[in-house]
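Worksheet: the structure to be examined is printed underneath.
By letter and in written order, the chains are A, B and C; residue numbering begins at 1 in each of them.
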Amino acid sequence: MLDVRGLKKVYNGGARQVEAIRDLTFTLSAGELVCLVGPSGCGKTTLLKCVAGLLTPTSGEVLLQGRPVTGPPPGMAVVFQEYGRSLFPWLRVGENVDLPLRQKGLPKARRRELVTEALAAVGLADAESAYPWQLSGGMQQRVAIARAVAFEPEVLLMDEPFAAVDAQTRADLEDLVRALWHKLGVTILFVTHDIDEAVYLGQRVLILSSSPTVVREELTVDLPDTRDQLHTRGHPRFTALRTHVQEQIQAAKRGLPSPSAAGDGEE
Amino acid sequence: MTAIARKVAAALALPVVLFAVWWLATGSSENFYFPSLRVILSSFGEVWTGDRLVTDVLPSVLRLLCGYLAAVVIAVTAGVVIGSSPRIRAFAEPALEFLRAIPPPVLVPIIMLFAGIGDVMKIVVIVFGCVWPILLNTVEGVRAVDGVLLDTARSYGIGGVARLRHLVLRSASPQIFAGMRQALSLGIILMVISEMFAASNGLGFAIVQFQRSFAIPSMWSGILLLGILGFLLSLVFRLVESRALSWYHGLRRSQRS
Amino acid sequence: MTLIERTSGGGQTAAPASGDARRGRRRGSAAWLGLAGLGTLLAVMEIVPRVGLVSSKYFPPTSRIAEALAAEVTDQAFWVALGDTLKGWALGLLIATVAGAALGVLIGAVPLLREYTASTIEFLRPIPSVALIPLAVLLFGTDIRSTLLLVVYASFWQVLVQVLYGVQDVDPVADETARSYGLSTIARVRYVLWPTALPYVMTGVRLAAAVALVLAITAELVIGAPGLGARIAVAQTSNAVPDMYALVTVTGLLGVLVNLGARAVERRTLAWHQSVRGEVAA
C-alpha cells in the first residue's frame, strides 16, 4: 500500500548541510495502523511531509499503491499537530470539511452526506455551523479528523495530532482514532513522540533513531485488538512493550547503535 | 432597556452639547468668517439640495469610487503576485517603499501633464494615491499566510483559483482591509485636492469657488458636507469590514480570553 | 473591534521564526535584489522617454531629473523651502502628539469621559483635513499657520486613537493592584496607564509623522504656504517639468526618511516594552 524506500532528506542551509533523514525504509500494508515514534528532533515531521508529498526527498522514494509520490497524492489525507492553524478560521466547521470535497468535484448531495457522516462520526454533529475558534482544542482536532475522514483517503497520515491537547481529551481522541480505523478500514500512519500512545494505538511501532534518522527497530504490538484505556494500559504486555520502546529511545538519544543496525551510521 | 437608553445618551450627549455651543456662540455672529450656525445650515439647504447635488457632489463621489475600486483591484492583484514570491518581494519592496513615501498630492501636477484636467486625471490621481497602502499591506498579508494552512491546502489538493480564493485572499484580508482603510481617507483627500487644483465641477471645486467669492456661509456648508461625506464613507467601510472580517474579530477575541 | 494598524508600515511585522542559517545570507541577497529593483526603476524611467514611449516633455529621463536635482541642491532657495516644510511638519507633529497624548490619557483614564466622547471622536476623525483648506486660506492666507492647521488636525487623530487603544490595553490586574495599594489617580496614570500606552503612542506618532508630511506638503502645494509644495507649484506654473520631478523625488526621499526614522524610534520603544513583558511572563 505505502512503501518508503531509502528515503533521505538533506536540508541545504548555505554553507551548512543538515542531514535530517539518512535512510528510511518501511512498508505499510493496506488497512494497517502503524505508529512512528522517535526521540524529539529526529525528523518525524520531515518524514511525514515527504510521505505526504509536501517535501521532495533528496533521494529515495515513496510509493503509494506502487505509484511514486511526487506531489500530494489524491488518496491521502493529513492531520496536522497544529489544529488551530490547520483549520480555515474564516470557514465554519461544515465548510472546512466540505472544501476539499468541493475541490474533488463531488456532487453536492454526496458532499452533504459525507460532511454530515464525518462530523457525526467524530461526535460533532451539532457543531457544523460554528467557527473552529469557537471550539475547544480537542474539538478542533476532531474537526480536522472529520475533514480527513470525509475525504475518504486510502492512507491517513497523522502528525503528532494530539500533542497539544490535554491528557483526558487525548485519551478520548486516541479511542476515536481506533474506532474510526476499525470502521473505515483505512491505512493509518501515526507519528508521535509519546511512547504510550504509540504502543496503545499501533499494530506495529516503528522506532526511529536520532537524527540523521534511520529505522532503529520495527516492533509488532501483540496486544488484543480490542483496546481500552483502562485495561490495555494496565496489561503486563503493554508495560513490557512500552518499557522496551522507552529503552530503545533512550539508547537512540545517547547515540548507541541499535541491535539491528550495528556498525551502520559511520560518517 | 435602561442600558440601551444609557448608551444612546452617551452617544448623543456630547454632539448635542457641541452643537448647542456652536449655535449659541455664533448665534448673533457679526464675524464675517464665522457666520452663525443657523445661517450655515440654511445655506446648506439652499446650496446642496438642488442642482449641485447632481453637478458637483455626484461627480466627486463617482470619481472617488472609480479610483478607489480600481486601486483596490490593481493593488490586491499586484500584492498577491509580489507577496507570493520572496524574490519578487525583495526586488520590488524598496522601490515600492519609495513610491509609497511620495505624498500623493504632489502627483497632481505631474498627472495633469499626461491626463489634462478632466475626469481621467482625477481618477488616476486617486488610483495612484490609494494603491500603495493597499499594495504593501497585501504583500505583507500574503507573505504571512500560515505555513500549516498552506500545507493543509496542498495535501487536500486545493490549488489554483480555489487556493487564491479560499486561502490566500481570505488569510490576507485583515491586512488588505487595513490598507483599504488608509486608502479610503487618502482617496477623499485626493478627490478634494484634484478638484481644488483644476476642475470645472466637484465638491472641492465648489468649496474653493465659494471661498474665492467670499460666500462664507456656503463655504462652511461645503466643509460640513465634506465632513458628513467622510463620516458616511467610513461608516459604510466599517459595515463592510465588520461583515467581511467577522471571523477575524471573533478569532482575536477568542485568543485574547 | 478595530484592527490596530500595525501592518501599515509594511515589513515590520515580526516574521515567524523560520530559524536557520539561511537567514543571514538571505538578508544579504534581499538587499542586493532591492538595489537591483531600484536600479531597474531608474533605468526604466530613463529608457521609456528616450525611446519615445512617452514624450520626454512630460516624462523627463532619469538623467535629466538628476541634473535638475543637482541644480536644486545648489540653490539656496531650495534649502529654505526644505527648512520651511520640515518646520511645518515638526511643529505640527509636536503639537498634535502632545495634544493627542494628553487628551488620550485624560479620556482613557476616566471611563465616563471615554463613554461620552466615543461617538464624537468617531464622527470627527474621518472628516478629511483638506476640507479645512478654504478656512485656512481665509484665516491665515499663505502663512505657515495654514500648514499647521491642516497638519495638526490630520495627525492629532492618529495619535489620539492609538492612545485610546493603548489605554484599553491596560492590564486590569495591574490597575486593580495599583488601586488596592491606594495609588492616587495621578499615580496610576503615571505608573500603570502611561507605561502601557507608551508603545501605542509611538505607533500613533509613526502614523502621524507620515500623515503630517503629506498634509504639510499638500498645504504648501494648494494654499501656497512656503515650502517644497509651493516650490513644486511654482515649477508647475513655469513649466519646469524636470524640476517638478526632482522636487517630487525629494518629497519621496523625505517620506522614506520620515518612515524609517519613525519606525526605528517605534521599534526601540516596542523592544523595551516586549522585553519587559517577556520577563513578566517567564
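Everything below uses one rule, namely that contacts are C-beta pairs under 8 Å (C-beta built on N, C-alpha and C of every residue); 3 or more make two chains touch, one makes a residue touch a chain.
Being a predicted model, the structure only gives us computed values, none of them experimental.
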| item | value |
| --- | --- |
| Touching both chain A and chain C (chains) | B |
| Most distant chain from chain B, judged by the mean position of its C-alpha atoms | A |
| Pair of chains whose C-beta contact count is the highest in the structure | B-C |
| Separation of mean Cα positions, chain B and chain A [Å, integer] | 49 |
| Distance between chain centroids, defined by C-alpha means - chain B, chain C (Å) | 17 |
| Residue numbers of chain B (touch at least two other chains) | 147, 248 |
| Footprint of chain B on chain C - complex, ascending | 1, 3, 5, 7-8, 10-11, 13, 16, 26, 29-31, 33-38, 40-41, 54, 58-59, 115-120, 123-135, 137-139, 210, 213-214, 217-218, 221-222, 229, 232-233, 235-236, 241, 244-245, 247-248, 251-256, 258-259 |
| Residue ranges of chain A in contact with chain B within the complex | 49, 52-54, 71-72, 74, 76-78, 80, 82, 85-86, 88-91, 99-100, 102-104, 131, 133-134, 147, 151 |
| Sites on chain B touched by chain C in the complex | 10-15, 18, 33, 86-87, 90-95, 97-110, 112-114, 133, 136-137, 139-141, 144, 147, 174-175, 177-179, 181-182, 185, 188-189, 192-193, 196-197, 204, 207-208, 210-211, 216, 219, 222-223, 226-227, 230-231, 233-234, 245, 248-249 |
| Chain B - residues contacting chain A, complex | 146-149, 151-152, 154-159, 162, 166-167, 170-171, 173, 247-248, 250-251, 254-255 |
